[in-house]
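Next come two complexes built around chain A: one with chain B, the other with chain C.
So, the complex of A and B:
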């Protein structure tokens, strides 16, 4: 084996060791199992339809320059008003289809399908 | 254009007394400071200088008031980092009107996030306005987190239900409606059964010659449903007003001026004192629209309304802050 490959392998192991169980990676690089994001921007929820396994925590983040909310139509969850960069999280512990909307701008709708 | 002499427009092709072609012409002139009054079913346009002459002659039996809207106190993003300054400029504009306004209407979104300090700041700024009586209706930004409890504590005296009420000024009947509560997913503004019942009863015994002014936050006509710019049960409310010869509907919410005339009803939306929004469909969403800083005041404004006893309709004039 060449020196270069040995070098890479050593560092590879070292790196893995450093990060195992640290849980400090930014969300974009690696998501902790059980969480997922919905971005609110331009008067819409993205993704508008989300499919997740039971037990997942969904975090809504408002990136729009106007406040929004996430309120489920069956009253299961209701965020407070989220100004720009504010977040709301909810853990879906039961399977089902959960429709929600922004209570301030009700033409904004979304759906979470929990399987 | 603004120096035009009085022009009578009489193209009544539909034979219903509404001069549609003339109306479109009037609307084209509106941006230059001309405006239109419907008199006896005929649209007449006047230049600002003519109106100034006429306005000076307001006397007893005549009414002058101002509508401001969408102050969004607390908003601080790029579209306007200084909503305090622009609201103060609006107050200066009100105070400079050649015909003094007797009172003001605020058609909602007083605050941006329903925070107490936001309401306090608006109250403070409006204290400098010459008209001391201000009549409010809430916008959806005023009813956040508490279903309107705070709004009602501050502005809901003598109102019913979610904050609706009526009052009379010099023979004109004003109706303040609330269409921002209990909004349903995918839906538009909504008045609801209780409010509609109240309204039917409120106007039942009024003479059909009584001029009516209805004011509410979300437009009571369908401007652009995709963006929630409409009220799903407004047809019912308008049905109760069918008998009246003069109905003026004043709304806000869309942060731009728009007008429609339908029979005896003139619908009008006011500009915001905080930030403009795009025209229907001209942007991916109805959010705050950024314009070059030096243009901001030209897309914000107030609305001046004058009623002369015996005239068919109220004269509704928009003026920008700059």
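So, the complex of A and C:
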């Protein structure tokens, strides 16, 4: 086997791997707009920080025994008082960072990063 | 959201924090007043009766800012939305407790202004009911504020 053939085979495999990887990476990293859930439990939002693409609807569900709210600091969204198992949804149509908190327990905070 | 607890702006504008702080005063004063009144009745002590009266006076006075800050928290933090569940129970029981504390105080005030009339014994039953009401309201308030959680 000539050096040229060996060279071509080596780089061929390497390129194939690169393209295979390149093909799978965007699929893994790509986030399509849809719905995402934030659970409110034990006096905290989970996840506390969420990264989502534009157009995603976030649903907050109160899994705690006591009432909570989800209110953005810039008044972009504001839930009513959520009792146990009640939900609130909001669709993020603009990119940006949206910080929010529970107006009954202001130390409970969260963040949604819309990309 | 880090805050300096000694910053005046934090203290004044901390939404419903004032309610959570002030509520301890009428609870403690009323409980002590009732204890003194029971002891005064049992031991026929005028000084304990006087101590009960002044504790009741302060407890009744403290209910005013406590109810005001509670209602303000409802209006500002929750924008006056319709309450239900624990929040509604806390609001109703809190208002009823404040009224009963005032009624107990007025019974003592009336007896004090008319020394010829002794304090009615039914007040002790009313005081016991009031202690129960205050206790349940405080329990719900503690539950809401997250004393049993990291909130």
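By our rule, the second predicted complex is superposed on the first by the 82 of 115 C-alpha atoms of A that agree within 3 Å, B and C clash if a C-alpha of one lies under 4 Å from a C-alpha of the other, contacts with A are read in each partner's own complex, and residues count from 1 in each chain.
Here is the rule we use: a residue touches a chain if its C-beta (ideal position, glycine included) is under 8 Å from a C-beta of that chain, and two chains touch if they have at least 3 such contacts.
Computed from a predicted model, the values in this text were never measured in an experiment.
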| item | value |
| --- | --- |
| Superposed partners chain B and chain C on chain A - clash or fit | clash |
| Touching partner for A:44 - first (chain B), second (chain C), both, neither | both |
| First (chain B), second (chain C), both or neither touched by A:35 | neither |
| Touched partner set for A:100, first chain B, second chain C, both or neither | first |
| Chain B versus chain C as contact partner of A:89, first or second or both or neither | neither |
| Touched partner set for A:109, first chain B, second chain C, both or neither | both |
| Partner chain in contact with A:59 - chain B first, chain C second, else both or neither | neither |
| Chain C collision site on chain B, chosen from 7-15, 187-195 or 259-267, when both complexes are overlaid on chain A | 187-195 |
| Doubly contacted residues of chain A, that is, touched by chain B and again by chain C | 42-44, 64, 66-67, 69, 80-81, 83, 101, 103-107, 109 |
| Sites on chain A touched by chain C in the complex | 42-44, 64, 66-67, 69, 78, 80-81, 83, 101-109 |
| Residues of chain A defined as touching chain B within the complex | 42-44, 64-67, 69, 73, 80-81, 83-84, 99-101, 103-107, 109 |
| Chain C - residues contacting chain A, complex | 1, 14-16, 77-79, 81, 83-87, 143-146, 149-151 |
| In the complex, chain B residues that touch chain A | 77-79, 112-114, 140-141, 144-145, 183-188, 225-228, 284-288 |
